[in-house]
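Look at the two complexes coming up: chain A is in both, with chain B in one and chain C in the other.
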Partner chain A sequence: MKKVIAREKLPELWKSLAAKGPLFLPIQEGPVVLFQPWQEGAEINLDAVNTAVSPKDVFLPREETYMQYRCSGKQLELIPAENIEPVTAFGVHPCDLKAVEMLDKVYIDQDPPDALYKKRRENTTVVGLSCSEPDPFCFCNEFGVDPADAPGADVMAHLKNGSVLLEARTDKGKALLEQAGDLLQDGSKETAEVKDVKTADFGLNLEGLPENLKERFEDPVWDELYKSCLGCGVCTYVCPTCYCFDVEDFGHEGEGQRFRCWDSCMYGHFTAMAGGHNPRAGRKERVRQRFMHKLQYYPEIFNEIACVGCGRCLRSCPVNLDIVQAIKALGGETVEQR
Partner chain B sequence: MAERNIESVNKVREAVSQDLLGGRIDLLLGWEKGHYWWQSRPLFARSEEDLEKLAWDSFCAVNLSRYLLEELKDHDKIGVLVKGCDARAFNRLLQDNMVKRDQVILYGLPCPGMLDYNRLIEKAGGALLGITEENGRVILNIESGEQEAQRDDLLLDKCKDCRYPDPAVYDQLLFSPQGEKEGPERFKTVEELEEMSAEERFGYWEKELSRCLRCYACRQACPFCSCRECFVEQENPRWQGRAYQPSENFMFHLVRAYHGTGRCIDCGECERSCPVDIPLQELNRKLIKDINELYGDYEAGLDAEQEPPLLTYRPDDPAAFSEK
Partner chain C sequence: MSSANVLMPQQATILDITEETPDIKTLRVVGKEGMPFDFMPGQCAMLSLPPVGEAIFSITSSPTCRECLEFSIKDVGNVSGALHGLVPGQQIGIRGPYGNGFPVEKMKGKDLLFIGGGIGLAPLRSLIGYCFAHREDYGQIDIVYGARSPADLIRKSEVKESWAEEPDTNVHLTVDAEFPDWDGNVGFVPTYVSELGFSPENKIAVTCGPPIMIKFVLQALDKLKFSPEQVITTLEMRMKCGVGKCGRCNLGPVYVCKDGPVFSLDQLNALPAEY
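For the complex of A and B:
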């Protein structure tokens, strides 16, 4: 099913979609674009290639309540987390959706699956958005992502001159377009103006890298690579394939909530143990962990490198210690390019 | 490519290579080019080969002094390239007893201010292939030809109102000083915020801070955040919760800023490092302004001998809180 909508009609579409449940999309928030829930008056920016932080928090929110608790005397009352409503995520680029599929392997394709993540994923209708211009930091071509198509999307959207073409791929997608009713026009004769989007070419050679890294835990490369790392968590928080969380309580005496929230392997307390021991004592161990997770541990289990080339770490690391830097240092570079 | 001046890189390299290869220092903290012409990243040089990579151009924004905290554990004597702000950062660490002066050789680089890639592409209005610079002008190399712009319009926010581009402390100054500047708009935004009602101001900060990811890049990049254990990580008592609540965001940012009162050297590394562009320098500058107004003009990091106002006691100090 293909539909088309004029660009100037989009605000009506947002309004109608948001009336049925939360609608997440790229919103201009001051100087940055973030994937956020729509509100009246929000400034939607579909032309931004990459949001500052990946859209992963639609599925894995920064903070998510497990349950609330209330105690009075010896009575303990546990109140389960609120219902997870159906949501729409509009404008997820191919790299970011591929990253969500990597999270699926961790959170859904396991026994037992993660109930909250699974529910959110099932309850979300994803409208993918093809990229017409790459950002200078984009390098998804290196990971075989097609910037023109997000195969896992329920609806695939393409920006055209003055309009947006919407192509439903799944039943959920069809339902979404049907809901929009008269706002959309028939687009069966329209074609996407797909451009051949060329992203940055760093000359990476990823063939065999995960296997090669298996015996390189003690490689001297790690003694140098980490040096510039400041030990902040920017890379992990902007990254679409980082998925670690911590469980905490928030509350006062007598009542509160137990929640999970994003955590970062770049932090000291991530592996700090009761009694004071920390198996990842410093920045070297933490930097190694992060890159090994992307390039060796994840691929060993799921057969693909946990990077989609979105370029966020290249853009946001304050000292430019990004995954390309790491891959090159570890020898994952085509020799002629050196 | 962002060629400013191959000559100036050579001059820097010449100055440091004698010391590094001659054994006067065992490590040089400098910059090298990143993947892109608009990125210069930290370089940890120990050999002649390392020094080949040395860069000194308009993108060397990263403050290198902070790396001394870790590197001095493994090296006896370290050379550091310092811009004006980096030198003040060094003084900050010195005053906090985090580094020893005689373990460090400072190579001073009077700084013309660093350029902001986002401003460059905004100015170019499309694909930007590179830049060349001459006499305070930047020539943008765009697909359709060349476009000229004033350098001052393309500076990073942190450099815009820099008052002290020359290193306040150094062993060797590598170029001629730029001289002290006015920084006329340094407190402009702070003054605008002061004009707001308390509710408006609260709303402003609530919105700005709502973007905070608690990645702590601002803290990690900061030369005044040198505590061995930050209050954020303290478990008992637990000051900082992990929840993404407005109250927790305020907790972190206000404590961070207050902890820098009279100690913040206004280098703006916090704001530059923030992945969601929270205007952190406005918080810091508010406190700098307050200190100036309460205790007389004070520029943290300019003079390592001059104690920060809140770390000294003088009988004639104003008692603004009790007088009100």
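For the complex of A and C:
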């Protein structure tokens, strides 16, 4: 099913979608674009190459309460408190959707499934958005991502001159287009103009890299690579394939809640044990963990490198200790480029 | 595939609390309807006490005990400290079991050597109890257990009286220094293991204790010609989920919460030594 909508009609479409449940899309917030819930008057920016933070929080919220508790004397009552409603994520770029599929492997495919994530995933209709003009940091081609297409989307959207082509790929996607009714026109004869989009060529050679890194946990490269790291954790915060979380309680006077929230392997407390022992006590160990997880550990379990070339760590890291620098330092560079 | 939230604890109640040493207590815990869940020796559970939080502990009782779960807990942090302050009848949260457990099938027909130090006896005790309950499946059993002082040995009467009375079983106790009224061995656990000179013939050694003790026990066993496949240990890491997703307890691609905590030495030797 293909439909088309004039760009000036989009706000009406968003308003109608938002009336049915939360609608997340790229919203201009001052100098950055963030994937946020739609509100009346929000400045939607579909032309931005990518949001500053990945849309992973649609499926794995920054913080999520899943239990309430009440206690009095020796009594303790534990009450499930999930709040998961159907949502629409509009404008997810192919790299970010590919990353969600990587999270699926951990949170759904790997037993036991994470019920909260799985329910959010099932309850979300994803409108993918092709990229026509990647910025100099985008390098998703390196990971086999086609900026013109997001295979996992329920609806694939393509920006055209003055209009947007919406192509339903799943039943959920068809339902979304049908609900929009008269706001959409027939687009069966329309074609996406976006194709053969090339992203940055950093001269990476990923062939055999995960296998090669298996024996390089003690490699001297780690003694140098970490040194510029500030330990700020922004790489993990913006990264679409980072998924670690913390679980904490908050409460007072006999009642409160248990929530989980994003956490980062870049922080010292992440692995610090009661009693003081810390297996990843320094920045070297933590930097090694992050890059080894992306390039060796995750691939060993799931057969693909946990990077989609979204470019966020390149844009955000204050000291340019991004994944491209790491891959190059670890020898994942084509010989000609060296 | 279950749709239940695996992070959601169930309600449990503390039956009673035994003070083992100045900083270790054993809690007996029961679920709403008896045993909270079935488990195998070496597996762990998350205990929670909101708003202090949740932490992972090894189950020290044997699965053959069907009345309750037991946890021997050293007061080292927020949750363990709060648990130490509880009284019988207090309700807490529990979820589990987590981890692989000891390879009780692979150990069948073998002589067993258990080497524990301090609170490290907790996970071993579950396995030792299981082996005694299935006594015919296992050969000669030797238990080496040590602590800093006699006052720091846990489950003293059980170790000295019940275990020592079991058929084909020897208990070897040691403490780090001379103490009045102590008639057992004096010396560190690894040294004592070397002195006792166990033969690796048809034997599996299982060790748990402080990292420094484990390090030297492994050296002692190596000198006694135990092969890495014959040596088993169990690891401890900070954990939040227990199911391989929160990302903090990995050794390379292996998650201690679900792929461990029990590893043979040959498995550990193939992993980054980040524990």
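Just so we're on the same page, the second predicted complex is superposed on the first by the 330 of 338 C-alpha atoms of A that agree within 3 Å, B and C clash if a C-alpha of one lies under 4 Å from a C-alpha of the other, contacts with A are read in each partner's own complex, and residues count from 1 in each chain.
To be clear about the criterion, a contact is a pair of C-beta atoms (placed from the backbone, for glycine too) under 8 Å apart; a residue touches a chain by one contact, two chains touch by 3 or more.
A quick note: this is a predicted structure, and the numbers were derived from the prediction, not measured.
In this superposed model built on chain A, chain B and chain C occupy separate space and fit side by side. When the two structures are aligned on the shared chain, A:116 is found in touch with chain C, with no touch to chain B. Contacts of A:265 after superposition on the shared chain: chain C is touched, whereas chain B is not.
In the superposed model, A:250 makes contact with both chain B and chain C. Of the two partner chains placed by the overlay, neither chain B nor chain C lies in contact with A:151.
When both complexes are overlaid on chain A, the residue A:279 reaches chain C alone and has no touch with chain B.
Contacts of A:316 after superposition: chain B is touched, whereas chain C is not reached. Once the two complexes are overlaid on the shared chain, A:217 sits against chain C while remaining clear of chain B.
In the superposition on chain A, contact is made by A:238 with chain B only, not with chain C. Set against each other, chain B and chain C differ in how many residues of chain A they touch, and the higher count belongs to C.
When the two complexes are laid on top of each other via chain A, the two nearest Cα atoms from chain B and chain C are 8 angstrom apart.
Residues common to the contacts of chain A with chain B and with chain C across the two structures: 246, 248, 250. Residue ranges on chain C touching chain A, taken from their complex, read 1-11, 48-55, 76-80, 87, 89-93, 211, 236-238, 240-241, 243-250, 252-253, 272, 274-275.
Taken together, the chain B residues at the contact with chain A in this complex read 34-36, 39, 41-42, 44, 62, 66-67, 70, 121, 208, 211, 213-217, 219-221, 233, 241-245, 269, 272-273, 275-277.
Looking at the complex, you find that chain A touches chain C at residues 66-67, 69, 71, 74-78, 80, 82, 106-107, 110-116, 118-119, 217, 243-252, 256, 258, 260, 263, 265, 270-275, 277, 279-280, 285, 289, 292-293, 296-298, 300-301. By the touch rule above, chain A contacts chain B in their complex via residues 29-32, 34, 52-53, 62-63, 136, 200, 202, 224, 227-228, 230-234, 236-238, 246, 248, 250, 259, 261-262, 264, 267-269, 283, 314, 316, 318-322, 324-325.
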